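In what follows, subunit A forms one complex with subunit B and a second complex with subunit C.
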Partner chain A sequence: MQIYVCIKHVPDSAANIHILDDIRIDEKVAFLLNPYDEHAVTEAAAVKKKVQDSEIIAVCLGRPDAEKTIRSAMAMGADRGILVETDDVCDSMTTARALHAAIVQDGSADIIFTGKESIDSEGMQTQFRIGALFDFPVVTNAATFDIASGRAVVTCELSGGRTRTFELAMPCVVGAGRGLNTPGYPTFPDVVKARKKPIKTIALDSLAITPAAGSAKTVALTPLVQNRHPKKITGTPADQAKEIIRILRQEAKVLA
Partner chain B sequence: MNKKYDAIIVGAGVIGTPIAYELCKMGYKTLNVDKLPDAGEGSTAGSCAIVRAHYSTEDGVALAYEGFKYWLDWENYLGNVTDEKGMAKYMNTGSILLKSEGHDWRKVQKHYDAVGVKYEEWDLDTIKKHVPPIDLHKFWPVRRPEDPTFFDEPTEMLEGAIFCPEGGYVNDPALSAHNIMRAAEAKGGEFMFNAEVVDIRSENGKVTGITLKDGTQIDAGIVVNVGGPHSFKINQMAEGVWEGCNIKTKSLRHEVMYCPSPEDYDYLNDGYHMSDGDIGCYVRPEVGNLFLIGSEDPDCDPQEWVDPDEFYAGKGGHGRDNVLTDEQWKAQCYRLGKRIPTLQVPNQPKGVVDLYDCSDDWIPVYDKSDLGGFYMAIGTSGNQYKNAPVVGRMMAELIDACEKGLDHDKEPFQYEFKYTKRTLDVGFFSRKREINYDSSFSVNG
Partner chain C sequence: MKKTGILIEMENKRVKDTTLGMITLAARADTDLYALVLDGMDDPACDILARYGITTVVDLGLSFSPEMRLNPAVRAKAATQAAQKLQLDVIFGLSSADGKDLIPRVAALLDAPLVMDCLDVDLEKNIARTSHYSGKVLADIQLSGDVVIFGIRPNAVQPVPSPAQPQKIKMASDSAAVAGLALVSWDDGENGGQASLAEADIIIAGGRGLKNSDNFSLIFDCAKKMHAAVGASRVAVDEGWVPYAFQVGQTGEKVSPQVYIACGISGSIQHFAGMKTARMIIAVNKDENAAIMANCDYHVQGDLFEILPELIRQL
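Our next item is the complex of A and B:
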């Protein structure tokens, strides 16, 4: 079974993000494997344990230094990597076309895992676009994944705490959510092994993908300043508890 | 009219608060001023709060061993004061010093014998029995993951360890400073927060007080610089003080990592503090069954000297601001990953970045100055947290003696340890000293 995992090289969410020229972020911050993609890689590794002769291939569209993120995915269980190299910031249409073309060129996917979203652009589209290009079924925000009688059985989290279970023909595309698993982080011996795993680098231009009819581009980037108005809750512990309940009911409206 | 105190202490961290406490007990009317909102919120809060006796000088060992006795007797030391935030707790894990080329452990052992520090010698089997997931190969020299030889297979083994049953860490360093503040207040000490000092005033070679950013002037014939990473800025505000120091201080950026313990190892409850010069790291348990991984400043790592105000404002960019870097995260976690091969290292760095108030030889300056009435307890270099209560007492006695006419530069003050009954020549910490080449020039002191 060939399991492809689409991963993204994203800025660390804990970094101090500075915007330059009102259009881009200062990229002199730590970049790492998109956290949702960690769940995707971990799930791929779990499938590989169950299904003999499986191979996990991490595919990433990004700058040359995204190789570091592919190494992270390989330390977590991917067997090899493909870096589709570009210095451009691509929209989800181009990204999906590039990842699709790279997978088609490489082999024959049985499952494609992605994260449910990337924490930088939060587009939540790429998995659906990849599915459409392959004509594969797609589900997202997966919380459980299983294979039964040659079909994928996936429970997804919906809004409001609901879940829905799907049965998908394979090959399929699955967007991993946080509930899917606990990421299996690498030990030092895993990191050592990952250094020897191969990464194939392909220039984006060489894939000669058909441009999408439409495109989306960032025209301005502004920081979102969230003003906080802390207030101190005083009084006896009983008064404080009462006030917290009042706030949760009347202001935050999270309690009935 | 300006408010007047006997002594103003600039800083309310874990060194500034005990100086106030001890001066108050001696009858001085003190005021601590701090630019932050509460005691211990500066670099004290970022301290790993490790309590261990191994230092590269005999005086360093003696001071740490004396300090240990204070932590054991915390409530009594503080006059059984109550703190509404609760009391800091000393966690006695015991302390392992691996015998390696990264530490001059023979010298440490000699100092232990001289001071009377209790210790055991452990062979590899004994270490393994106490720390089951450990790999005792020799990985020396310390390298960075960017260096391909970092990944070379080790072939030799370490030779053993020195284990001190007395050693560990304090669970909440900021709270410990807060506890001491409450104890000082109980003795009449006052504290002023959100107050930034912009000038140290003096007349005729004698300090007269401080001026705050809002223009407020407060007078005192004694001013003590305990400004932590801002110490060099405070010294520069006082006439002739900076120039009069042979040993200078500056602020050094430092990263400490939190990495989850392997699942089958209850490091929080079963683990030890361990100094591992072979990989350039020290570790202690942290809440959440985490390894707290500090760096012992190996030569291959960059030293980032920064402006403390820019640093705390999050300025300066990658590797110079208050955000962990991926490079150092990997360096420290992978180094420990060699020692603990089942340690799983997350992709996202987690930990603390703060500043050391670092002296030229990584040994502090506990001294008077060239300006009358101006004293300093600075240059703590990331290795003095454990000594704070003793330093508080020692500084108070030094100040009192100098105010009563002692010429400490000519006849250095001799401090009698309360518990271990040794005498310490406080001239050891003089600002006028030559660089002490016995030092490890690292956080090990």
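Our next item is the complex of A and C:
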């Protein structure tokens, strides 16, 4: 089986983000594999263990140094990598077109794993756009994944413990959620092996994708400063509880 | 005039308050408001939509069979067909758990630009404000295209009545199954009655400070008394005290309640990523130097094992 995994190179969630000239961030921070995409790679590796002769290809649209993130995916089990290179920040419509074109050019997908969202742009949509371009069925926030009689059986999580179980014709696109598996730390030999695995680099322009009619453009970034001025609630626990209830009733007006 | 379609979310046959807030946000612009009703229309639903300014109520005529009606691909197809027939310029939906599986499908089918989890939208310029980088940055994103789509964070805007006399129309949706994606089973969870985390007015959340799963019942008891939803830090989830569905944060639910009460939670960057847009934050923590104590509206320094039982008693 050919399993493609879409992986994004994103700033570490713990990094301090500094904004430059209102629309860019200072990229001198640690970048890593998008956390949900770690679940996607981990699931691909689990499928490969069960289905003989499978190959896992990690695909990334990003800057040249996204190669590091592809190597991380390789240490976690990807066999090859494809880096679609661009210095531009692309919107989801362009990203999906680029990933779609790169996969079509490379081979024929049986499964495409993605994350349920990227933690930098928090778009929550690229998986659906890839699915629409291929005309493959899509599910998102997957918590279990199986293959039975040539169909993918996937349980997805909604909020409040609600779940939905789907059967998908293959090929299909599956957006990994956090409940899907537990990514492990790669071993040192895995990291060494990953250095020798092949990465194909393609310039975004060379894919000659047809642009979308619409676009999404970032026009301003501002740091989310918390302008809260904490007030202290003092006294005995009983006094404190009483004051909390007063605040809920009179200030927040959320209690009758 | 612009035409804005609003995907109506209901719960137990009632239009959700968070849906009404989204109508109020759309009504700020000069636009006709089309309610796109997926879950069956009745008079009470129509009346409430009328009270909040809907100009046309559109029943998408989805099949009542749950296999069909709960299938997000079927819902997306019906919404997409309606958007095309009505020639909508804008589509709004809630960026709720269900919305996250519906709105991007509609955007993909229409090949139209979309911003999810919007805290605000300026429909004159089609600029949406949303969060980036785990909630550390606010991004203003401008959409252009024949149709533009916005997923609105539940509770981003409070509903304000603005009565109208809507027309009613019914669309014939072709209920044929969507090729390739079949819903085979569904589970609406044990907490069917609990307020959904993303949409609750009050959330009371517990973290490592609760120490074990038995103690976590303090949070549940308190929540019950104040009709709040229960949240948790990742530590509480990883320790197995509560299911993952309760997690608030960068890798959990993103919430904007009126009040967020954090008990025994230190306030890590990743936890804040999920709740920093709460209108009011109350922190209960025994450590005066915990990050959350500097980043809240009220802090209660003390032992949660003394304060929570008092709260339960007095409520």
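Please note the rule applied: the second predicted complex is superposed on the first by the 226 of 256 C-alpha atoms of A that agree within 3 Å, B and C clash if a C-alpha of one lies under 4 Å from a C-alpha of the other, contacts with A are read in each partner's own complex, and residues count from 1 in each chain.
In this section, a residue touches a chain if its C-beta (ideal position, glycine included) is under 8 Å from a C-beta of that chain, and two chains touch if they have at least 3 such contacts.
Not measured: the values here are computed from a predicted model.
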Subunit B versus subunit C, judged by how many residues of subunit A each one touches: C
Which of subunit B and subunit C A:35 touches, first, second, both or neither: both
First (subunit B), second (subunit C), both or neither touched by A:161: second
Contacts of A:129 with subunit B and subunit C, given as first, second, both or neither: second
Contacts of A:245 with subunit B and subunit C, given as first, second, both or neither: second
Partner chain in contact with A:189 - subunit B first, subunit C second, else both or neither: first
Which of subunit B and subunit C A:14 touches, first, second, both or neither: both
Subunit B versus subunit C as contact partner of A:72, first or second or both or neither: first
Contacts on subunit A seen with subunit B and repeated with subunit C across the two complexes: 13-14, 16, 35
Subunit B - residues contacting subunit A, complex: 151, 260, 314, 317-318, 321-326, 329, 334, 337-338, 341-349
Residues on subunit C engaged by subunit A in the complex (per definition of touch): 70, 72-73, 95-98, 100-101, 104-105, 107-109, 111-117, 127, 130-148, 151, 178-192, 194, 196-198, 201-202, 226, 243-245, 250-253, 258-259, 261, 269-270, 273, 276, 279-283, 293-303, 306-307, 310-311, 313-315
Subunit A residues touching subunit B - in the complex, by the definition given at the top: 12-16, 26, 28-33, 35, 38, 72, 183-189, 191-192, 195
Complex interface listing, subunit A residues touching subunit C: 11, 13-14, 16-17, 19, 25, 35-36, 91-93, 96, 119-125, 127-129, 131-132, 136-141, 153, 156-169, 172, 178-179, 212-224, 226, 228-234, 237-238, 240-242, 244-245, 247-248, 251-255
